[in-house]
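Next come two complexes built around chain A: one with chain B, the other with chain C.
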Partner chain A sequence: MYKYDEYDQAMVDARVEEFRDQTRRRLAGELTEDQFKPLRLMNGLYLQLHAYMLRVAIPYGTLNSQQMNMLGHIARKYDRGYGHFTTRQNIQYNWIKLEDAPDILADLSTVEMHAIQTSGNCIRNISSDQFAGAAADEITDPRPWAELLRQWSSFHPEFSYLPRKFKIAVIASDEDRAAMRLHDIGIQLIHNDAGKLGAKFFVGGGMGRTPMIGPEIRDFVPADELIHYAEACLRVYNRYGRRDNKYKARIKILVHELGKDEYTRQVEEEFAHMKTLGLNPPVAELARITEFFPDPAYDTTANDELDLTDPDFRIWVEQNTHPHKQAGYAIANISLKPTGGIPGDASADQIDLMADLAKEYSFDELRVTHAQNIVLPHVKKSELYALWQKLDDAGLAPANLDLISDMIACPGLDYCSLANARSIPVAQKIGQRFSDIGRQKELGELKLKISGCINACGHHHAGHIGILGVDRKGVENYQLSLGGSGAEDVSLAKITGPGFDEDGIVDAVEKVTDVYLRDREGDERFVDTYRRIGMVPFKEALYD
Partner chain B sequence: MTDIIIFNDRSASDAVAVSLEGFLGASNTTAVRIEPGEDIRELLPHLDRVALVEINFPVFGDGRGYSAAQILREHGFTGELRAIGDVLVDQLAYMLRCGFDSADPDQALDADAVQNALNRYPHVYQKTTGTAPISGRRPIWEIRHE
Partner chain C sequence: MNLLTGNDLKTGDVIWWAGDKGWSLHVADAADAGDEGEAILAREEAARRVNASYIVAAEATGKGPMPLHIKERVRASGPTVRTDLAINTDIPIVNA
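What follows is the complex of A and B.
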């Protein structure tokens, strides 16, 4: 994992002191809320329905056990004993007091963590593949590139007051586990024909009220030009992105309105100019960062066989583990989606336990996924059973990864001041309706995603089944959509028709899964059947 | 009586800035004011006769002026570059790093707060061009590999 040097630490420490001073000025009345707002937002502090919410950055979703323990400590000391892992691979605390916020940032800085740029119209925390460094199908570990981008984007003098927030994802495999093409910039690392490593750029993806899939604008940017190219993409956006309407301010609208070709032309022009300025860190810097991400000291003689005689263990292994690039090891997913629970929530005790387990079984490493789960990336197969037993004891072994109950849900009206409807109770009811794991496995991979308003933090456009909460004459109403995907088969979901009330939406989900069970062929997933048979049979089941 | 703050040892220009359109239409003016929506690149062919460029920030959250400033400095502009409008102490360090060397804020800034803000961060992660105070700082990556 990356380790701060004196420079990185000095920057984070300076930020803590700056925010302490700003908070003091606010509490003393020297700053109005209007003046304070953009400053606290640069530090991830939102004012929500009931309290302040603090969003802590987990760069590219990677952390060690000491950092995880700190997240547990913050939940215990400053919140109500819980944290909420988000679709941006971050963690949020929902019950924060303003006067505590500087102390929390100071605590975080002792373990090389921060809340810098987790909100505001700036470049946000860089996201990546949660299996980075462990996946059998990656061509390289994308995290050094993400770290290079993290440093470049931190306190960027030109790009801290963009038209709107800006999200970047970096992956290094053809399978897309990070919804890369639904980001403002999606980067896929590839080898070119000469065997050189570089970046393919997709620009202008996003969800929100106008979802778009980011088009490819350049097939190869060499490693030593990555920052120049990113600067060029951002400068064109900062100058020409719309600022007259916040709903049209994301880069996807600019790329759409200019057209991909014209946007690309402007970026290339700017890129040619950037190259004359020497703004890109030398390749030696990427090499320096890469040295922090060596393979762990695997036991290369580890047994690749697994004893699956315990049927419950077997179900968990089948569902929640993923092939590791090293024989004898597996990637273990910890589902934060127990039946009736709040997707992505973990208690302080659970957070601490996961930290301990990472230390014991996974070379001290954890990951946060955009599906709001936790990953132990490097577990010896011979130790999986012991790990599973400890997870199970703590309620952390739901065997439902990528099944219908592994839902993404935003905080919705229970916490969020922008919400039109509640997301969490809907998620809980659907979870209860499909609580039988045998039934879930019968339905197979089924990505269900729920947002409490059109801002789409719950990624409903990218759900095989998507649910959007809307406000209909003061009553919560839920629209159903089908056929989205955030993976390498990326697509946007389509609305089925009129919405449903809270119980109606649970019934509606059941009806569309019945259509799938009736009409599926071979080993089709839900979304494959939908793509083959189209919307009509689902509509008939829902509305006739 | 002026509230103009100058961040280097020159004295602030007292030229009166005209609009970009006015500047391009007259050959005898030396000071120009740029609004957020205007293309700073139109000014580039005329840099040899510009002494002062004012870049307006009608609201601090409109960040187009940062790019305009960078482009000017990247193309060798050495005259005075002044941030005007909704210029607040918490944005000042970024402005200077993008090449501004003076400011005429709508609301006067506290001198101590200005000094604090400019001295707050010991390092920078990005390289920016220019000779204005703190704009030419060496980025961390350069120090690491010297």
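What follows is the complex of A and C.
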């Protein structure tokens, strides 16, 4: 993992003290709320439906056990005993006191963490593949690149006041586990025909009220020019992105309105100019960063066989582990989606346990996924059974990864001041309706995503089944959509028709799964069947 | 009726204006501000007794004043999915 150098630490420590003074001045009445609000937001502190909410950055979703323990400590000492892992691979605390916020940031800084750029119209936390450095299918570890982008984008003076927030994802495999093409910039590291490392750039993706899939604007940017190219993309956006209308200010609108070709032309022109300035980070800097991401000291003699005689363990292994690049190891996914639970929530005790298990079983590493789960990336297969038993004892072993109950759900109207409807109760009811694991496995991979408002934090546009909560004359109503995907087969879901009430949407989900079970062919997933047979059979089941 | 609400500056807690009694965590204590809401809020914000305040439309019920909109009822209640953390669990969230 990357370790702060003296400059990193000094910057974060200085920001803590700056915010401590700003908070003191606000509490003393020297700053008004209008003056203070942008300052607290720059430090991840929102005022939400019930209290202040603090969003802590977890760069590219990677953290060690010491950092995870700190997240548990904050949940226990400053919040109400739990935290919420988000679709941006971050964590949020829902019950923060303003007077505690500087102390929390100070505590975070002791483990090289902060909440900088988790809000505001700046480049947000860089996201990446949660299996980075462990996946058998990646061409290189994308985290050094994500870290380089993090350093470049942190406090970047030119990009601190963009037209709107800006999200970048970096992956290094054809399988997209990070919803890369639904980011403002999606970067896929690739080898070109000559075997040289570089990147494909996709720009102008996003969800929200105007969902768009980012088009490819460059099929190969040489690795040593990647920052230059990203900077050129940002410069064109910063220059021409709309600042007159918040709802048209994201880069996806600019790319759409200019057209991909014209936007690309302008980026290329800016890129050519950028290259004359010599501002790209030196190759030696990337090499320095890369040294922080070595492979762990794997036991190369580790047994690759697994004893699957325990049927419950076998189901968990089948569903929640992923092939590792190193023989004898597996990637273990910890589902934060227990039946009837709150997607992404973990108690302080659970957070501490996951930290302890990372230390004991996974070379001290954890990852947060955009699907609101946790990953232990490097677990020896011979130790998986012991790990699973400890997870199971703590309620952390639902064997439902990528099944219907592994839902993404935003906090919704239970916590969020922007929401129009509650998301979590719908997720809970669907989870209970489909609680039988055999039934879930029969349905196979089925990504269900729920948002409580049009801002789409719950990624409903990218759900095989998507649910959007709306306010219809003061009453919660839920629109159903089908056919979305945030993966390499990226697509945007389409609305089925009129919405449903809270119980009706659960019935509706069941009806569309029944259509799938009736009409599927071979090994088709739900989304495959939808793509083959279209919307009509689903609409007939829902509305006739 | 018009209720006044906002957040406690230090703690962030949702609070309701209770007339002479100051600010309360419980919507049942809330007083009708009538047409004086803007003036009261300006005064209370300036004194830092409330933060991010605004006026909420409500109706009188057998359980006391009840916000008309679901969002305000959730604010008054606390998270409906964590009733252990809710402060006013007897508030009907839906179809009040």
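Criterion: the second predicted complex is superposed on the first by the 544 of 544 C-alpha atoms of A that agree within 3 Å, B and C clash if a C-alpha of one lies under 4 Å from a C-alpha of the other, contacts with A are read in each partner's own complex, and residues count from 1 in each chain.
Methods note: contacts are C-beta pairs under 8 Å (C-beta built on N, C-alpha and C of every residue); 3 or more make two chains touch, one makes a residue touch a chain.
Computed from a prediction, not measured in an experiment: that's the story for all the values here.
Under the clash rule set out above, the superposition-derived model of chain A with chain B and chain C shows the two partners fitting side by side.
When the two complexes are overlaid on their common chain A, residue A:7 makes contact with chain B while staying clear of chain C.
When both complexes are overlaid on chain A, the residue A:97 reaches chain C alone and has no touch with chain B. Between chain B and chain C, an angle of 80 degrees opens at the CA centre of chain A in the superposed model, to the nearest 10. Contact with neither chain B nor chain C is seen for A:259 once the two complexes are overlaid on the shared chain.
Contact with neither chain B nor chain C is seen for A:534 once the two complexes are overlaid on the shared chain.
In the superposed model, A:498 lies in contact with neither chain B nor chain C. The gap separating chain B from chain C in the superposed three-chain model is 20 Å, by closest C-alpha atoms. Across the superposed pair, chain B and chain C touch chain A at no common residue. By the touch criterion given at the top, residues 36, 60-64, 66-68, 70, 74, 88, 90-91, 93-95, 97-98, 116, 120-129, 139-145 of chain B touch chain A in their complex. Interface residues of chain A facing chain B in the complex, by the touch rule stated above, are 5, 7-8, 10-11, 14, 17-18, 21-22, 35, 38-39, 121, 151-152, 154-162, 235, 238-239, 243, 273, 277-279, 281-282, 284-285, 288.
Interface of chain A with chain C (complex): residues 26-27, 29, 33, 47, 49-52, 80, 94-99, 342, 413-415, 417, 419-420, 422, 424-425, 428, 471, 474-476, 502. In the complex of the two chains, the chain C residues touching chain A come out as 7, 9-14, 45, 48, 51-52, 68-71, 74-75, 78-82, 85, 94-95.
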